[in-house]
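Take a look at these structures.
Both complexes shown next keep chain A, but they swap its partner, so chain B is in the first and chain C is in the second.
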Partner chain A sequence: MKERKKLTFWETVKRQWSLVVGLKVTGKNYIKPQITTHYPRQTVDNISTFKGHVQLVGKPKQPDVAKCICCMLCVTSCPSSCIKVVKMKPPKEDPIPEAAAPKDMPDAAQPAKQAPPKAKAPKTPVKWTLDFNLCSLCGTCVEVCPVKSIEYSNDSYLAGYSRKDFEYDLLADLKERAAKMPAPAPKKAPKAVEKETAEQAEA
Partner chain B sequence: MLKFDDQILGDAYCRHFERGPDDDTMVINMGPQHPSTHGVLRVVCELDGEYIKRAEPVLGYIHRMHEKMGETKTYWQFLPNMGRVDYLHAMGWAHTYVMAVEKLGGIEVPERAEYIRVIMTEMNRISSHLLWWGAYLLDLGAFTPIMYAFADREIMLDIMQDPTGSRLTYCYHRFGGVLKDLSPAVLESIRDWVKYQRERWPMYKDLVTDNVILRGRVENIGVIDKDMAIRYGATGPVARGSGINYDCRKNEPYSVYDRFDFDVPVHQEGDAFARYLVRVEEMEQSLRIIEQALDQIDKAEGKHIVKKAPKPTYKAPAGEVYMATEGARGKIGIHVASDGSKTPYRIKLRAPGYCNLSLFAELATGTILADAVSILGSIDLVIPEIDR
Partner chain C sequence: MNELSKALGGIPVELLHIAIGLVGLAAFVGLNAVLLVWMERKVAGHFQRRPGPFEVGPHGLLQTVADAVKLIAKQLFMPKGADRILFWAAPFLAFLPVFVTLLPIPWGDVIVAHEVNLGILLILAFAGLGVLSLCLAGWSSNNKWSLLGAARAVAQSVAYEIPMLLSLLAVVMMTGTMNLSTIVESQGSWPWLWLGAMQPFAFLIYFICALAETNRAPFDLPEAESELTAGFHTEYSGMGFGLFFLAEYANMIVVSGVATALFLGGWKGPVMDGPWWFLIKVYALIFAMMWFRWTYPRVRFDQLLNIAWKWLIPLAIINLLATAVYIKVIGLNLPMM
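Let's turn to the complex of A and B:
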């Protein structure tokens, strides 16, 4: 146990004075306007730069169809394995049509059966899910995406009753967002057409 | 009965607390949920009245095997883990890790990215120290300072959110650069904030540093002498509060730290108040570094923030490398051994808090319980860093 040293009168006064100085600071801050945000009545305004959960980006002409080309780079780079992408299956191949050559023709003379070229699988996702419970918000998926099909959302006020509430189906989410988007502005008529219509109107 | 070296207490974490038949002592657990243990640290204390006969930190409540995880994930995938090792100085850990991998693979970093890294790491150091300042005083019974510290920290976090997108567990560093450039608007807001923060120090001093109650709680408490600090491998403000003039940024300069003029605050007393002063002065020095970096960043060669980014499936060449930097709590060390594959062969993290915590058992012995709280707080622990 440390021993208390005896204080002189002025030392005691000096020590007590430090409390008054501290109170002065508290007093000054007390009369200042409040800086706290009264959530949920108020919300903060700097959400635009916040790195929320990821969401898909639609094609410019078809905002409800994702730009994603199913390259799986986001899936391989994700440290938490929270992204799942399922590629659309290739269409079923048609059975090889019977050769039109007459049956009595010898086999050697029959035209060789050519296998039709294999149909390529379309580069379209049928399932794109994000398990936000596992996401570590590193942003690697957004960085590695070669077609810029993923972006950060500004969804920051998250609340739910179970973990399932944070397992997002991002394709459905994209369609929902596209439906809410304002209708595109009508295309402007080319100048030549405009002139013609104007002339017709004059005539 | 286990035998242990009396010279280094606290190292044998599994020592038994066996009481003799005549002992009139009481064993209590401080933590793992006690607010003064700053996370999930459990301290088993053997008390004789109010005096501590023995105090032993017990770890393992938040162990997430970061080092083992490093062996199963690619170099890229391990990067966000750095923000979780020390959540208050995420930038410092990420900086060390990317530098280690860059050293291993010979990846070039543009000059502008180096300046950005320094600015962000130093801002993160201040935010870490500010939170410590508030939390330490909260431990000692003062509630007001943490509100002021949070208000100031909030301004800094708003600025850092713009380029990084997050507010605590940043994943901003990249191999060969950083994620996003600092826009002129952000640079300007950092300048304004540096001026604002400078004006706040006198208020901090009036409110807390000169306060007689704080002085009574921290002066001559938990005295660590120079030999003891060296014996336990203490680094950072704990060592500098004991008169050891060692700072990685000065002694083993990395990044562009050799281009800045700043002082290393050192106090000889070795008590909790010396450690307090070192951290408060360090914040001022960090502001100096940020100011100089802001002046020099426009003169940096090129405008790249990443010259050539390695792919997510990057394979580092075989070999091993050790990188040490100065974190908010002391020396951060990362040792990476590579066998030339996509994943590191072995990763070892040297957390400063772990060595600093090992001092606690010796410091707390013989003091009263209230002093143990002020000793524990003055070491500035972040338990996830210790427990990894």
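Let's turn to the complex of A and C:
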């Protein structure tokens, strides 16, 4: 045990004042207003700072269409492989050689890269799903997205009965949000993403 | 009195008085436990700047009722290798003496379950039984944490009971009686006429010891949850635990009641004397106990012994001697005697 300085009688008595100081501190906090919110009746007002599962960002002029160009960077960089993206198939006339796709990505993404540039393949996703059961919210997909089509949602009220409830179809989710959004809102979304990515870069 | 006894069919009036008093006290103990547990959680919540129980009933008032129902409905378990008789005797031994200690407490001018001339002695004697129940509970549980809790409870009681006795003795010297009602009557209505104003040290020492007596923070060593899971009541489920819980909250009322009667003028108070003053003072003291709980960290075992043996006992003896000298040399004029 560490050797302590021996206190004199009066020093010990004087130090008892710290007990009163402690009571003052707790007493003040007792009187101060509460800092928690009664959840079902109240919600926090800074929910925008919450970074939930990722969601797609719509185009500025077409908020119900994702900015995504199906580059598959998010899919390949995701450490938990929880993102699945299926690219829209090119028109049938285009003679694009079908290459064997990897098991993870049973889609036309890989062959599209190797396709000759003359055949202008569509760059819109037909399927964009997130398996939130596997996601660890590392944010790599948000960072890596070249067109800033992925952002964090503020969806903090998550509850479900089965794993299926957390397998999100983000294209449908985007359409749903676009339908609810007022007209100027979509412009804000990309900015928010930029901010977030900037913050991440700083961090 | 005899005529009244005859009218009641030969039942002694005094017996009837005690019976009614006990029923009243039993109801009070139950209700009080429900109220105090709610108050404890609310106070804890507010000290941590959160609302505390809020969902069951208005402001969570019925939360403890729900908890009580849960406790009653739970299965009673006994660990393997436990001493069956002692294991189940301990909760009752913790709970029953509380009624005896509540008997002589003067709630109001005439509201006393039973006038006892040696009221203080009775309370101290039966309060000592509480430690025995803790010891038995811990020992019979066949569990290391329980045993450690029991050992702590016993050592703790050795430490705090002496200064507690000595501090109360100073008041007994001043009033010349151990009857709680008489002691209250010897005090005036205003705070400067209370015995606590004349015996601040005795009051302080008594209150510190009372915290240890009720096993409340910062002296909650026997049930230190971060070290001993739940200490002596680790193995108790359902109402076995519930009885310990009831006893703890009833004990809080007893020690606060004694402090109120001896030092804070009992049911006497400014403007209008009455039992409401007694209750206000008791609950104010209990609030102070809860305040302490959320302010001070638990003392270590040797620290508690140091506080008791090196500080409280010498202080209490000096206080007692000073009181004796004062009474003998200068003489004492109690406000109402």
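The rule we apply is simple: the second predicted complex is superposed on the first by the 122 of 203 C-alpha atoms of A that agree within 3 Å, B and C clash if a C-alpha of one lies under 4 Å from a C-alpha of the other, contacts with A are read in each partner's own complex, and residues count from 1 in each chain.
The rule is short, and it goes like this: a residue touches a chain if its C-beta (ideal position, glycine included) is under 8 Å from a C-beta of that chain, and two chains touch if they have at least 3 such contacts.
Just so you know, these numbers come straight off a predicted model, no measurement behind them.
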Open item on the list: Quick check for you: in the superposed arrangement, does A:Ile35 touch first (chain B), second (chain C), both or neither?
Closed with: both
Open item on the list: For A:Thr26, using the defined touch cut-off, is the partner it touches chain B, chain C, both, or neither? Pick first, second, both or neither.
Closed with: both
TODO: Using the superposition on chain A described above, determine whether A:Ser18 touches chain B (first), chain C (second), both, or neither.
DONE: first
Task: More chain A residues in contact - chain B or chain C - done: B
- [ ] Tell me which partner A:Tyr152 touches in the superposition: chain B (first), chain C (second), both or neither.
- [x] first
- [ ] Jot down the residues of chain A that show up as touching in both complexes, chain B in one and chain C in the other.
- [x] 19, 22, 25-26, 29, 35
Open item on the list: Give the list of chain A residues in touch with chain C in this complex.
Closed with: 19, 22-23, 25-27, 29-30, 32-36, 38
Open item on the list: Going by the contact rule set out above, which residues of chain C touch chain A in the complex?
Closed with: 43, 46-51, 54, 291-292, 294-296
- [ ] Within their complex, state which residues of chain B touch chain A.
- [x] 73, 76-81, 84, 144, 148, 151, 158, 161-162, 164-166, 169, 171, 179, 203, 206-208, 210-213, 215, 220-221, 312-313, 368
- [ ] Sort out for me which residues of chain A touch chain B in the complex.
- [x] 1-2, 15-16, 18-19, 21-22, 24-26, 29, 35, 46, 49-51, 73, 76-79, 136-140, 143-144, 152
